[in-house]
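Residue numbering begins at 1 within each chain, and the chains themselves are lettered A, B, C and D in the order written.
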């Protein structure tokens, strides 16, 4: 049975289906606030927003850093939404912890054990993304680095694995969500945006994630994706997010209703005796 | 817009969600009939049943062959269900075509162009499975081998791709279903059984497949999976199939209802202008 | 210990290092003869030449078919070189067997068990290529389909596997060559051309294959690669083949000399006791 | 043309072939010294030795840490060999830099841009390993994080990528070595030990690496691998290392001799005009 982990006062676990939404990166005070208000109005309950962006090239936009933290402080004061942001450098933990309600460890840092260990010594919820080619077992072992220091507030995130297929960015591994629910009590959310790599695939991948039993979604939204400083192709537009959110929430409610019923219809004991 | 392809009188396409179910292989007259009656009673509309089984090892069970065709003839007469079975040897096309309402080309034969070309010269529906490491583009090109001979009755099947992950058998690629719907008018079904590799994952993968927009499912069912001559670990039991079928059909109806609505809510023209 | 398998009178096995070379496909009488004479002059001992070409798209050049068989008949008469060519359709086995000294089963047909079984009933040497995502074990099991029918003249071929990397066509799996030598007595050759996908990588990959212990190479050569009807990018030019052949043969001799010595220096018994 | 980068006074580049050898981890003063003396006697010129070990599980041996640094200080004083060791936590850079002649960034930290940036601000040679599923381009971009800070002393290391094959630990990507030499002036070494995962494959993979043009090898050696605290299966024994080293060095000399000749035999201008 999956435990419930809270980010701020927002629960992630078996009796809720929760959307985390927001821009890939904070680009300015205006766009951060505009996006936050739009996703909040549509029903997202946690804001995601990048401050320090790990990028393949040192010449790509690396996030606004400290300035973005100040902006997020303001956005939180205005909206009251809890905020999750990525930590990429263990030396910046305190600075990020001052503002963030949860800390994201990105796919590139799933094996950064120094970072995980320090987060294990805090009480901050940790949103731990699966590495590009990490097995389910390795993801669970990475979570152990946080858990064994005493911090049990870990939420796992499936975000697509690297395969040979190039028709999208990463292969969303829905089976991993089902396997994780078998092997751990930690909540599991899905990031459909990085797997999709382009807007048109975000909704279908999100619906698949909901159906397979994810406890929430982490989705990128931008007021003007064609102007975004990073990953604009995969961001939903703020003005289409409400329709998206309605779809995934309705399916979330439907699936959770059915699950109770299925549990009743196919008694485990009977299956075991097969 | 996806076309509708019929197997017998059973439609696969945008306005239906159809389950094909049955045993991996015909093992005897009794088990074939028992399974067919059970899946039919639960609402499956097409029977799948292996006659010639391509196996990694020449020492594994290879199917009953011609004897299984005779059994399928009887089962069809009794149940009235159309039957889909795999063809692995182009020289047996006539023999199989006498009984089968649709011919499956398995993942191992997706690149068997001689087979595809001959099937293109028939009027038989072809259920074409994606190869273990075939790209979406290569699957579409394989379909072209059938289509360009004049046979337009092709149904594509996503069945999982080979990756590094070993927590299940193959990685079900739900994004491929969405991409295929963008690129072709052919219906797309999903085989959750081979991707799962074990019974417990078949339902969650099926729900993900339905949610992402698959037009149907191809699922393995066996009266006594622990005694099965092939792939027993991944077969649903006949007595749990009804509950399974109810779940996937209810979700199929829900998703198809929502799709119409989404089309209304997010006008493509507005998205294009972004 | 690896057995020796002959193609015509040319041995493949532990005491020889043999190059098979020739065009991807027979395109005309002139180019086939010109290429054969060039590779023969440079020391290649077996001619490869495609007659039936399996192509991803039905609209790509599919080989000259029967006409190419006639051309190969002539080329053999002129050069005296044994010829290996690919069989893609089991119904053409007799026709191909009339001309070919060995039959290639391509990567796309490694799982075509009908084809393998029929070849097992002949006495023709079979050059069996590893599938794009076949494991070493699956390749060995595919070989069993030939062996268990009574034909022990099988040569295995590593030709690159499909991975996420796109800096070349396929990932040449040199470790597979070493593992195959541990697990089977069959000779193992390497096709560097399909792994490379472009000319500049063919020599370095060939040298790696020789060093890791391959018993031979299967390499594409064309008199005018920029005009080739298939896979021109990866073909060596006839006028650079002599330098290539000298390099790989010299390394082959060097490595085979060293192997004897290594066997002496690191006694297995001592290693076992570690 | 590849530049020469020195670790201590030992050159890595086109006119040398250099072996870095030593234990996966420093386990005690005695074993570290014994291994160093053995590999030095056999001709290895740089010592590798783990101090901080990144492990999938927090319950596995994590290295002796600071105590191992003291041991390495002693071993360096005794042998005069330069030492390369892995840095996993940016906060320990100074401590490691006091002892190490070069800093290894492991596959798990290839995307740890904070670490790379700090190393870019030192003058320490950086041995940068390719991530498990990093493309060649991503490896080059990771190197840019060091280079663009002003530190040009980067040596790249191919160590195997993650694929579906389970007959060994990782798939050694020899083509990547050839591609890297096309795209960068940085030296490229190969770690055959992690790719192999077991002792018997280390020599064949090393020979393949030498043949494809690697500028050096990074190989694990242990006096009693069956007692090793990490990765014992893939470590060569100290008493077999001399034979290993002789083989790879002889091949290194042979290949480098041939390369000059090939450059002469196949003029690039002629190839271009094809």
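Keep in mind that, in the parts below, contacts are C-beta pairs under 8 Å (C-beta built on N, C-alpha and C of every residue); 3 or more make two chains touch, one makes a residue touch a chain.
This structure is a prediction, so every number in the text was calculated from the model and none was measured.
On a Cα centroid basis, the chain most remote from subunit C in this structure is A. Of all residue numbers used where subunit A meets subunit B, over half belong to both copies. The two sides are thus made of the same residues.
Averaged C-alpha coordinates put the centre of subunit B at 35 Å from the centre of subunit C. Between the CA-based centres of subunit A and subunit C the separation comes to 48 Å, rounded to the whole angstrom.
Chain centres here are Cα means. That of subunit A falls 33 Å from that of subunit B.
Multi-chain contact residues of subunit D (touching two or more other chains) are listed as 133, 137, 162-164, 166.
By the touch rule above, subunit C contacts subunit D in their complex via residues 133, 135-137, 161, 163-168, 171-179, 182, 195-196, 199-201, 203-205, 207-213, 224-226, 237, 239-240, 243, 246-247, 250-251, 254-255, 258, 262, 265-266, 270-271, 274. The residues of subunit B lying in touch with subunit C in their complex are 54-59, 88-91, 108-109, 111-114, 117, 131-133, 137-138, 141-142, 144-145, 148, 162.
For subunit C in complex with subunit A, the residues that touch the partner chain are 162-164, 166.
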